[in-house]
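As written, the chains take the letters A, B and C, and residue 1 is the first residue of each chain.
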């Protein structure tokens, strides 16, 4: 699976599966630069989301990726794709 | 008014039962003698010796709860969250109009979120520890319903969780009453249980007390000469408790009062000492300031296991006199709901008092030796002021609660 | 009518590195730790691989083989500790009407070890969705419903009064003893055998805390893995064990000349109504529980000689709790010693609250504040006196002990020394 690119749609699907969506949140909107916090995801939801990404894509994220370092979908997608590229090389 | 003997009122009911979702549907089915027991649909039961359960049909959690809560909750918690919403609505309470510290949640549990737990155990052993969900740390544990309800409604006051098998539902109501008397203006209390999943089923089968009959009308027969064990079910009830005077002051409809409570545990098996159930009943009556003759109806535990039925019948006859009080087991229509059973019986007692009828015990052909005035097959009209609810749990837990009608 | 007061007259502790109250007190007053690499199973696949394991086997403490077989390890801890606590109290329970003797057992996760092991068997290692009842042990129901712990304890001590398990996550221990004290105070029982037990060191528990990164991933130097309030801490260390007490009405305890370890002077629990695992940084609800417990004890913050902290060793907890102490105790928070025995015996989930009550009572007994072990690097955000490394001799007549648990529960209990209780 390591030749896959991780896209915003992938993230939307995993977020929904791992943590659902807040009633006031439209995941289908342009959310790339909206913080996970504003989207209604707290640390536990992000841990579950991170674990789902790790399992599905066979990569490993740092402990702080989702809670400290990658606070928006754009940042997370970039980090995941970097890990995927590293795994390919 | 607070204090050690201040009256505590029930002002709202939230019910999820195999024969009715919501208090109105449940009551309509129960007074009409409609059973919710049937062959298990949630998994294929054909490989198991017991194949009947009281399942709640038609509960779609997504209709009742935000999607953010679904991945992190077991079925039991989804049912409990819905029941809490209904209980508060029924009480006419908007939680945001209360100080958060003035509201608490006290529930009983039997098996926690056992189905969720089965899923995660399976991931652990079949796939590896990294497949276990972040939600497992709380989704399965016994405190989950109190925690999730307190969060959903912003209830920061005293909360709690008790586990005493099927007696626990009354222990929770008693603890809630204690907190109201100590000064908390509102407690959501009661219990729901739901462990109709293969892992839960296998654990329950180990009790050796489940009925293996495949006939829904012949499987669970409390106080019957052919009693052969029980059928488990899922669901229960949550109640809103408030100080009676405060409830009236806010114009709430008072469904009734939690008037008395007593609890005991039976001595160790083989000790030769008798069951302590009668003591629990007497303590509850004393606590309520009620004489046996004041009690209009007993909602019996109705184990459906001959020796347990006999002990209960003897205790009721000893306290009230043989055949001197009406006895019913509406859980013959739902199966035994573990800690959810007794709060549902308390709800049923309150609804029965309002309606002036005693709901029936269905399917039972009573064993004459027990000499009980069982209300059989159809509801019996009666003026009801005071009811006794009995709940007994595996391990010898006995709890009894006296409930009085509201005005 | 004078209000009934509650005395703690019997005690037993079964903790890692301290099986028995004397050994337990030696461990924590000497600042030694009982954390080690996990030996109960191979921890290699897990993120966190250390725990505070107790070298305990119920068979060596008088349980029959039949009892040991039908009881989960947590139940074995409970039954042994409860029996020893009754012996320690010198109370003649046989002289009391059995229905006036109650039992309460705190446990967060019940028979989780037994359930984990039995699941593996009936599911054939996770292969079967429809698990196979033919391989189930006959006592599996007792693992399903942990009220079996309360039944076992009641049978062992001969109590026939109210019996239940209190299960409020990691505040179960405090809440169980608080529940028991309330039953004594209101007069529902004459004697309450109250305590808590958990034995959570199992693969499923390790895995679920791994998933939320709550336990420490530190694997080197396991004896230094639990570091509450230290700037380098990075998660808690699982523990196991039990502590049990005999609670009775203070005047009747005095009449029979019982040794009174402490009075349960105040207790309260509140919820944060915020998050199942998360804590707000302000500690407001724990502060409220402390305030109510002190009020019930009729004490001012200045009366508190020692704060026995929850101190789990997660950054979130340590800061939340420090804020709660400042909010509830004011300036006195900076003057009173605060320590976490979880640095030494780990975090035994529902049991630890009771074990910490025992530590608090023993601190008053010996006028010694146990230390926080492994505290070398102060965290600038945790700026109280955490009694690093070494116990401190001082008069201890009133102790505040607190707990914080998943589900949002925040509990506080105030213990008063017997000197203080003489009015």
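Quick note on the criterion: a residue touches a chain if its C-beta (ideal position, glycine included) is under 8 Å from a C-beta of that chain, and two chains touch if they have at least 3 such contacts.
Each chain and its UniProt protein: A = Acyl carrier protein; B = Ketosynthase chain-length factor.
This is a predicted model, so every value here is computed, not measured.
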Show me the overlap between the contact partners of chain A (Acyl carrier protein) and those of chain C. B
Counting contact pairs per chain pair, which pair wins? B-C
Per mean C-alpha coordinates, the chain lying farthest from chain A (Acyl carrier protein) is B
Need the CA-centroid distance for the pair chain A (Acyl carrier protein) / chain C, whole Å please. 38
Where the centres are mean C-alpha positions, what is the separation of chain B from chain C, in Å? 29
Which integer distance in Å separates the CA centroid of chain A (Acyl carrier protein) from that of chain B? 42
For chain A (Acyl carrier protein), jot down the residues that touch at least 2 other chains. 44, 47-48, 51
Residue list for chain B, restricted to those that touch at least two other chains: 72, 130, 133-134
Could you check chain C for residues that touch two or more other chains and list them? 211-212, 275-277
Residues of chain C touching chain B in the complex: 45-46, 98-99, 103, 107-110, 115-116, 119-120, 122-123, 125-127, 129-133, 136-148, 150-151, 154-155, 158-169, 175, 179, 182, 186, 203-204, 206-212, 214, 268-277, 285, 288, 405-409
What residues of chain A (Acyl carrier protein) sit close enough to touch chain B in their complex? 16-23, 40, 44-45, 47-48, 51, 54-55
Which residues of chain B touch chain A (Acyl carrier protein) in the complex? 66-72, 130-131, 133-135
Where on chain B is chain C touching in the complex? 4, 43-44, 47-49, 72, 100-101, 104-105, 109-112, 114, 117-118, 120-130, 132-134, 136-138, 141-144, 146-148, 150-151, 153-165, 167-168, 171, 175, 178, 195, 198-208, 263-268, 271, 273, 276, 279, 283, 338, 393-397
The residues of chain C that touch chain A (Acyl carrier protein) in their complex are 211-213, 217, 275-278
